[in-house]
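Input: a single structure, listed below in structure tokens.
Labels run A, B, C and D following the written order; every chain starts at residue 1.
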Amino acid sequence: MKVGVIGGSGYTGGELLRLLVNHPDAEIVAVASRTFKDKPISAVHLHLSKILDMRFEDISAGEIAKRSDIVFTAVPHKAAMGHVPELLAQGTKVVDLSADYRLSYDVYETTYGITHTDRGRKAVYGLPELHRDEIKRANLVANPGCYPTGAILAAAPLVKAGEVSRVVFDSKTGVSGAGMIPSEITHYPNVAENVAPYQVTKHRHLPEIVQELAVLGKCKIHFTPHIIPAIRGILTTAHIFVKREMSREEVVESYQKMYADETFVRILDEMPSLGAVRGSNFCDIGCFEVEGDRIVVVSAIDNMVKGASGQAIQNMNIMFGLDEKAGLLMPGVAP
Amino acid sequence: MKVGVIGGSGYTGGELLRLLVNHPDAEIVAVASRTFKDKPISAVHLHLSKILDMRFEDISAGEIAKRSDIVFTAVPHKAAMGHVPELLAQGTKVVDLSADYRLSYDVYETTYGITHTDRGRKAVYGLPELHRDEIKRANLVANPGCYPTGAILAAAPLVKAGEVSRVVFDSKTGVSGAGMIPSEITHYPNVAENVAPYQVTKHRHLPEIVQELAVLGKCKIHFTPHIIPAIRGILTTAHIFVKREMSREEVVESYQKMYADETFVRILDEMPSLGAVRGSNFCDIGCFEVEGDRIVVVSAIDNMVKGASGQAIQNMNIMFGLDEKAGLLMPGVAP
Amino acid sequence: MKVGVIGGSGYTGGELLRLLVNHPDAEIVAVASRTFKDKPISAVHLHLSKILDMRFEDISAGEIAKRSDIVFTAVPHKAAMGHVPELLAQGTKVVDLSADYRLSYDVYETTYGITHTDRGRKAVYGLPELHRDEIKRANLVANPGCYPTGAILAAAPLVKAGEVSRVVFDSKTGVSGAGMIPSEITHYPNVAENVAPYQVTKHRHLPEIVQELAVLGKCKIHFTPHIIPAIRGILTTAHIFVKREMSREEVVESYQKMYADETFVRILDEMPSLGAVRGSNFCDIGCFEVEGDRIVVVSAIDNMVKGASGQAIQNMNIMFGLDEKAGLLMPGVAP
Amino acid sequence: MKVGVIGGSGYTGGELLRLLVNHPDAEIVAVASRTFKDKPISAVHLHLSKILDMRFEDISAGEIAKRSDIVFTAVPHKAAMGHVPELLAQGTKVVDLSADYRLSYDVYETTYGITHTDRGRKAVYGLPELHRDEIKRANLVANPGCYPTGAILAAAPLVKAGEVSRVVFDSKTGVSGAGMIPSEITHYPNVAENVAPYQVTKHRHLPEIVQELAVLGKCKIHFTPHIIPAIRGILTTAHIFVKREMSREEVVESYQKMYADETFVRILDEMPSLGAVRGSNFCDIGCFEVEGDRIVVVSAIDNMVKGASGQAIQNMNIMFGLDEKAGLLMPGVAP
């Protein structure tokens, strides 16, 4: 299977390449980057030296589509909608890692404050645990945001069971989520020895969480993200308020049942930790402590893998009828 | 004023000494430690080299009381109640940094699972912002826990106003709160690049928070602590649910009003950060974002200073009628 | 190929398992641990959940040898020499990750202060870049220490060329090198925001470096290790003093030449970084700045992979005539 | 004493203010910043909230000189030489924290690649341990660089004794040394879990070290800096090569003797650590291990205090005949 990547020089682009070089069925045929045109990919992604001997190309979406069975668009929101129509027009399948096709178009425009130039395009929200069958038939998959992946999976079983009145997602993310471009937010002296709440009620990922959980059941959703001194990983503490008191066993069972056939969701007896999922495609879920009407569920993912590029490849595997685990069954890099 | 410290070799003991050496009215007369008997204090607390030229002594509570106007007990819970009666019997005032005198005795015994051997002793909960007048007259002050200090101050104005139905305190602490003894919890590879929820519904500091906020108003309290990769500091994200919707201005005003005369509480326009309070006695409070019936308030303290030894000295200042700020008005060490 | 691991519960044992589960030719048949007998491996190594469904066994060396074509001994020094004779007696090949067979027996006894109970045993020092042919024929390979791997590779080309008079290896290591057991050295508040020199002239890895470089050429060797706030990785700054001044080009050429056919040594134009090798089996070498008679060469490895378990598997591949890269060609997990 | 600060919005400016607010003899009268004109200082330096209630002013050097007995220029090199002549012309004393007056003018121009517009101005290199008497009489003190402070003090006694042939300074610095402006170098994912050598033979601080040690004795100097994951602090590992072998006792004695009357240099039995000096004006020196002709000496400073603003205040104290320790005798913030 021939794979193209648009936006190969950023963090999620680099992560796609890191995972694809060991994918048994994928061949990277083109990596587009205007900024780094003609430069060896390994000059930007040092970790790919001696593994991926290719150069960035400054090529159009049309051209990359011609060479590829599937293209990943790993570009910022707004940029993606500029490429996707042409890619699809060429008959290439697309997994878009940006936010451009995740939300209903009205919600998107409100949330991101821009006009969508490809409104009406049909896309599937690429969370395999909720939408596997649709993904199988999709030409365009909107890869979920990093926070929504960890948050939705942490609450889905209870929401689906109709037990939940309200959830407070208090999420803690590593800094790589902010991307490769230095800023005050990523400035080491601001990050280290600190934990920084931001966009505490209005983060752009909130509408994604709301949209997906609303399908499963009715409840109020709150979401507050924080940046912690870590490179990778998102740990989400879900404070789930339920309508009737439940036992721990009952709770755990609902998670085990919903995720029984899911390779990449692990229900743990232990507390999830970022080390156990680092570099891997797993979403670890655990804790399940009950305190009256509050249940605390904790999820951990690598924001770059299950929260972005790994999930994108999982979607690719599903879209092409490959083994869903292909190229993705590596353990976390712990410690 | 002559000051003695029992338990001078641990983190809070060291922090007391760090602050006391620059206190204009305090003279350290004795520092007790059985383990480090006769060793120079600066051999354990390297940072006090050339500043505090004393040795640890293995002396009884009675003896240290004779030499001191005030004694700080910086020992673990259960140990403190073994010293306090004798100290008070000698007429010395005491600030106890352990948990032994913070709670009603019944709640204490349930929470800590031990029998209190000094039941009935009258002590004042040493949070100056709530109990200043009682502290003035107290012989025994129970210095608050680190988490309760940041949590209570973050919610007090709204709880007092009768507006609150429920609070979820999601707290993030530096590792020094776990003390000087190495353990799996403080093992670098377990801490770094991670954030670790623990005792998510049953932490021993929960009853303190409940006790103090109950005096101000009726509401449900939840508390979930996490360890982050930081040495010092506690940042608490208080998700406060209110009975009626309030404007941001109304919220901020209630905080400004309650803390108008408090030197060590700063109401910020900016988001609090651990750097701004590092090494200082301030509790910074900010955020105040409103989302329907949820208000997000964030507090930041140094767990070793306002969360322990600094507050203990603030209590000493109040008990002896000194300037409450004496020895404590240093800025945070930022960045 | 059937693989056994003695000492599977520690960091290097866990890392062996992490790498072996994706090795195309290896089947893990037994993992010995007395402490964790009968426990699921994934209870200790959370990151192996859903990937390695086995339990620790408390079995003898003899028994594990019967089941295995090769056994890795991932136990502390002194313990290894208790297992190795029995393993070899059964005809199993062995890669020992401890220090027990790395040094001449006299130097070993002086360095480690213990009597060697298996003196005279023939072992090959398992640094493939220097001893590939001997490894091919070996039944017992002594896997190199983490520091020596990075240090030797950083200086070998110039030492071999007879140009070097003296080298000062100033090494910086992540904390995982200190193992899984908490101690003052690994206590987060001691590690974070610090860099700790230790055993600055007498580290046990010095004789290994001396032994291996002495084979290549005559020069004085100094070695000073430091612990930095990082989980994984060793970066070595080699201050190499040469007998005659050389140009940068000449230096780089000597490295490119010596390592031309080495998959796991990468000569970089950029400065090596720990991120680029994290989780991978590469040794990145770069810098090559010349200042009169001093040449600065920098190497970076993951201490757990090329510095331990990855190299052990590389040795296994060589011993069994497999593709040397099998199971090891994954990129670093960057960022 | 009235104090002005030019360049008050950066890290060293903020650190000057942090220290000056607790200085018994100093009154801050003006803080200049064009960028933050009219903004409250505490809006930039949150840690000064409720402590320093002043605003930045956009005023000329002349005007600030009129109000001040002494002015600190905490601006980048090249900018300082634009202010200093006017400040001195007004009769104000100046401590310049930039590099503009540290080196002989020829060396300066070569090192910094710019023409000095105030050549010939007489300035004293403000390392009190070497130049106290000249500082007393100086109107213009060139405050030393951060690296040179730690490096020079670590080697001075042995160099002065004529024992040294060569020194390799391998220094490790916290990120604050790179300043407040975000860049790739300070980007968290590049710093964390890494250690980054840079300008390994050509750092601009090398000529300072050479200049100052050359006065004490003749020897070859090498200097290689690294950035470690820490906010503050510089730990320097000095590999000192001596002409004749010396005993540890002899070495230690030479340090104790030279620094016997120095308040801010502490000769330790223990290994120096960054925690013990964090936020303080001390330079801790220890290790002193001897290995043939190599002696390893380790120094630790806070780059922002003894390495910049604290030393600047120490210089001010000397210039004005105040107690040299005034406002500077706070212990390190450890842990």
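Throughout what follows, contacts are C-beta pairs under 8 Å (C-beta built on N, C-alpha and C of every residue); 3 or more make two chains touch, one makes a residue touch a chain.
Remember, it's a predicted structure, so these values are computed and weren't measured experimentally.
Enquirer: Looking at B-D and A-B, which one has the bigger number of contacting C-beta pairs?
Expert: Looking at contacts between chains, A-B has the larger number.
Enquirer: Taking each chain's centre as the mean of its CA atoms, which one is most distant from chain A?
Expert: Looking at centroid distances, D is the chain farthest away.
Enquirer: What whole-number Å value describes the gap between the mean CA coordinates of chain B and chain C?
Expert: Spacing between the chain centres: roughly 46 Å.
Enquirer: Centroid of chain B to centroid of chain D, CA atoms only: how many Å?
Expert: Centres of chain B and chain D (C-alpha means) sit 35 Å apart.
Enquirer: Find the geometric centre of each of chain A and chain B from their Cα atoms only, then give the gap between the two centres in Å, rounded to an integer.
Expert: So the centre of chain A lies 40 Å away from the centre of chain B.
Enquirer: In chain C, what residues contact two or more other chains?
Expert: 11, 176, 180, 189, 192-193, 229-232, 273, 275, 278, 335
Enquirer: Over in the complex, which chain B residues touch chain A? Could you list them?
Expert: 168, 170, 172, 174, 189-190, 192-198, 200-202, 222, 224, 226, 228-233, 235, 237, 239, 271, 273-275, 278, 287, 289-291, 294, 296, 298, 335
Enquirer: Can you name the residues of chain D that touch chain A in the complex?
Expert: 11, 175-176, 180, 182-184, 186-189, 191-193, 229-231
Enquirer: Provide the residue numbers of chain A that touch chain C in the complex, in ascending order.
Expert: 11, 14, 18, 21-22, 43, 45-52, 176, 192-193, 231-232, 263, 266, 268-270, 273, 275-280, 282, 284, 329-335
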